[in-house]
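Here the structure comes first, spelled out in structure tokens, and everything after it is commentary.
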Amino acid sequence: MEELTGTAAAAARFDVGSGVAEALLRQVARLLEALARDPGFADVIDLRSLPMHDADRASLRERLGNGEIDASFDLVGKTRITETACAGVWWVRHANSDDCAVLEQIVVARVPALLLAHPADIEGAARRLATELGAPTHRETIHD
Amino acid sequence: MSAASAPRPAFDRQGERSDEARVDGAMRSFVREFGVTAALHMESCVRCGMCAEACHFYVATGEAKYTPVYKLEPFRRAYLREAGPFAPLVRGLGLVKKLRIDELQQWQELIYDSCTMCGRCTMVCPMGIDIAELVKEARHGMFKAGLIPDRLALMDRTAQQWGSPATPAEDLPDILADVAKQYGVRIPCDLPQADILVTAAPAELVEHTKALADAAKILNRIGAKWTMHHGGFDASNIGFNNGDMQLQERLTRAIVDTALQIGAKIVLLPECGHAYGAARWEAAKWYGRALPVRIVHMTEFLAELIASQRICVKKIGETATFHDPCQIVRRGGLEAAPRQVLAALGLELIEMKDHGVGAYCCGGGGGVVSNARAVPLRHKVFEIKRQQIEATGAKRFVTSCGQCHITFDMGAKYAHWDKKTESLLEIVADNLAE
Amino acid sequence: MELLDFARGPALAFGLVVFVVGSLWRLAGVLLLPRMRDLSPARDGAPPAPLAALRTVLRRMWPRKEFAQATLFPTINSYVFHLGLALVVFGLAPHILFIRSLTGLTWPGLPSNLVYGVGVITLASLFAALARRLGHPVLRLLSHSGDYVSWLLTTLPVVTGLLATSHLGARYETLLAIHILSISALLVWFPFGKLMHAVLFVFSRGATGMRFSHRGVNV
Amino acid sequence: MTETMQLGDMLRRRGISRRALLKYASYMASLMALPPSVAGAMAEGLAKARRQAVIWLSFQECTGCTESLTRSFSPSLEELIFDFISLDYHHTLQAASGEAAEAARRQSMRENQSKYLVVVDGSVPTADGGVYSMIAGRTNMDVLAETVEHAAAVIAVGTCASFGGLPEADPNPTGAVPITKLVTGKPVINIPGCPPLPQAMAGTLTHFLSFGTLPELDALHRPRAFFGETIHDRCYRRSFYERGLFAKSFDDDGARQGWCLYELGCKGPVTYNACASLKWNGAVSFPIQSGHGCIGCSEPRFWDRGGLYKPLSAGTADVRKLIGIAAVAGVALGAGAAALARQRRASTSATEQ
């Protein structure tokens, strides 16, 4: 890595380590306690709008570690949801078509909403599969 | 209880001219003062009020009206209206009000009774404004307006006739003869030829005649070829104090012309403050650069004689403190001379808290001691000096100015203070070594 | 024409022009008055006049010991806001750029946060000076409207400058515009009020210095 | 070409799942500084919305805005917006031209009466009756007036449409004026910038589609989500400004270390835009990060506010010659005043003798 680009160079030379990472960890801990008490609980921390240097973000990512799930999506550009070492805490990285991170979030929930297949998508898929197999696509048949 | 006479107006007035004529006279005189230096000083005041802290009249009374620069208010307004760079605008838009007669009358007490022109305020002003000089220039205008204290006006008229506020010129020979006989010393008078023309202070011709004898004793000792002369004998120059430029010129010319007439190279001034200010520093106003004679003050004369061993003095092993007369030391530059003489006399000098160029004024200079109306104020101010002298604990108290001498005598009498004021000349004369 | 454009453009230009015309008018109007020379023989050993003048200008930077005690507060407080103003005006990078745009001179600036702190101290000191001018009987007697205008037009830029840097009270460009307008007001008033002492004090002290060194007195 | 189907169903047929919609919505919510929880509602809103008809009018413009939004070199998340709307009229993008294009525009206006959006790109010349920019023989002013009459809202895209931009810069020969000057009685949203941030455009449209309302606007009709703060407020070099570390020239040691560009004329402090936080070209960089000061392109009259490289704290007028004249005048006035004073002084002593 020869000449660091603007921000990285500035950050490296003046590593402020502004302590944002530390504060966020405490917030995640609080949310995790809430999740522990109520399985239906879900909350999202938006990292993009926080004044964080890349160094801060990297150290936060490192502190959270990795879990068992590493899901990647292809939704008009890559999206990756990784379960962190703490169960219930997920690191979400949305990227653009040129794989540049446009949004990073920490989701504290049993499972991030994005992972769940959406009912409308399911309905569409069911209909598609049914027409494919020539069977009737009556709504009741799906449910019984 | 005599019927309460009408309360005396707080100002005196000379002559019968109308108020407008008086204001006009003052303004014309003020305008002539505004050369570069006076203008610069008028322009630079930031009204910080520090000059009050240096002025004995404010320090003694705590009254804001005695703030030195406040005394220049009419003078400043005249400047802004007449000579300032924005004068046309100021007049046109009426930004600064014209001077009124009642204001000039009200300021008489500030410019005369409560200012000895001692220049201590000049030493503190952060803008370096020579307030004392400006007050003297303001007095020119007050004199032209005929608004000076009556007592000073009286002395001014007598000086115009007699050449001295106290002694008619024609009485000089008799007075000198009496003094010569009384003190057994030769005092030449009206010699046609001499090297040194000796002049006197008014008090020396009346009650403090010993000073004349002492001067004569020393001059004879060094074998100088000297004389006094009825043409120019009183150096105290009352015009300098009153603001009467014509009289100041006449009195200065009387002395210098008489010296020329008798071929004197040196004019010896007596122990007097304003004599030094008027002759040493302002004679050049009329003679230009080539002042034909050397003006020497008695104090520096004594110092030179001692330094050149033309006279020797006996050692007096006592403690003494010295009062620095303002016009001789702060505004005259003779701080070292008296101290050399005291050292030669073997007097152990204990300086007052404020001494030398920063000394407090005796409170009587600039015509204040002759101004009867200013007596209560002067006594209040005197207290500052008295305490500083007491604080030194010195046995003897010396000064080298007749005006201060009178002020201390009158002040001591009022304050029932037993301290005796001695004149430097007198001590030297009394302790000449054989 | 937005307020900031007006402030940075015509208002500032007008302020600068009036400042230059007024200052030189007043300075020339005073210095070209007749010179009344002191023709009396100088005290021997008296230094040449310009040197004496310079010495007095420097010596009078601090009061003599006789007066130091009595004038302690005004002296120290004046130095606080004078040095404060100097540090703020000549230390802050944007100010240096403003001066460079006029004169071409430039020099390294101080950290902006430091200058901000100095600005706050300067402001406090200016208010202390006003309190003294309103409270002290001598100053109340001496002061006239010009003194209060000079105080106001000196303090306004400091206040608006602090507000602008801390983005308080309005959008930044409005605050910056108001700050620059307050500078223009200061520049317009400067030659006509007592602020001219910033230039005249050298001549005023010098004149007295020369007069007295001629007599052998170091004032 | 009106679409009765809901947007969600239509998109799915085009291979864009509700999950993609959710990703898009959470991204947009973040851009719009809305709480993350809003993403779900935004996605649902989008799914249920009708396909929005949009008429894009291009007047005195350089197509930079279209370029910025369509980002032809690589499709991006923002471009998804074009799947949400039916762009019924766009000179550059549409296939039809000439009369056919005009016919398409009028048809869409008729069918989507008071529901279609008008996006205007470029300022409108008004001098000499607006002859300096005409389409199909009709002046921009007429076309604008006609199109805007039944529109739901007007979005002025780019500094030219919002504030007049470069065409309006001194001397403004064509008498160019911003859209807000000509359109009254209709909600107008300005999305300034030269070009504007694609996220700002997409975010505003998404907000309108999913919530049916316009986002919160500021005094200059700009969405506060994108134009609420100055570049300076969100600039990553701000700490150097505070510490007084400034680059003196474009390639000196300070510039290499990424110090503040205030001294090189950066107008960040007085420019309201989201470049510093959203950045450009897929959040890669923005002018200051690439070493050049912000030139304030999203502010009114940015071209006539003193040189781009003249620091904010320097005056805009070149006063040096003026000050020279002032100096001479000052000294002359002073000499005159002194002469007058001398003359008045002489007159007093004359009458005195």
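By written order: A, B, C and D. Residues from 1 in each chain.
By definition in this document, a residue touches a chain if its C-beta (ideal position, glycine included) is under 8 Å from a C-beta of that chain, and two chains touch if they have at least 3 such contacts.
Predicted, not measured: the structure shown is a model, and the values here were computed from it.
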item: Furthest chain, CA centroid comparison against chain C; value: A
item: Which of B-C and B-D has more C-beta pairs touching across its chains; value: B-C
item: Chain whose averaged C-alpha position falls nearest the assembly-wide average; value: C
item: Chain B-chain C separation of Cα centroids, rounded to whole Å; value: 37
item: Chain A and chain C: spacing of chain centres that average the CA atoms, whole Å; value: 61
item: CA centroid of chain B to CA centroid of chain D, Å; value: 80
item: Chain centre separation in whole Å, for chain D relative to chain A (CA means); value: 32
item: Contacts with 2+ other chains: residues of chain C; value: 25-26, 28-31, 33-34
item: Sequence positions of chain B contacting 2 or more other chains; value: 34, 83-86
item: Interface hub residues of chain A, defined as touching at least two other chains; value: none
item: Touching chain combinations (by label order); value: A-D, B-C, B-D, C-D
item: Residues of chain D defined as touching chain B within the complex; value: 333-334, 337-338, 340-341, 344-345, 348-349, 351-352
item: Contact set on chain C toward chain D in their complex; value: 2, 4-5, 8-10, 12-13, 16-18, 20-34, 92-95, 97-98, 100-102, 109-115, 167, 172-173, 176
item: Interface residues, chain C side, partner chain B - complex; value: 25-26, 28-31, 33-36, 38-41, 43, 56-57, 60, 63-67, 70-71, 74-75, 78, 133, 136-144, 147, 192, 194, 196-197, 200-201, 203-209, 211-212, 215-219
item: Contact set on chain D toward chain A in their complex; value: 8-9, 12, 16-20, 22-24, 26-27, 30, 33, 36-37, 39-40, 47, 74-77, 80, 234, 236-237, 239, 256-258, 277, 282-285, 289-291
item: Complex contacts: residues of chain D adjacent to chain C; value: 230, 232-233, 241-246, 262-263, 269-270, 300-301, 304-306, 310-317, 319-320, 322-323, 326-327, 329-331, 333-335, 337-339, 341-342, 345
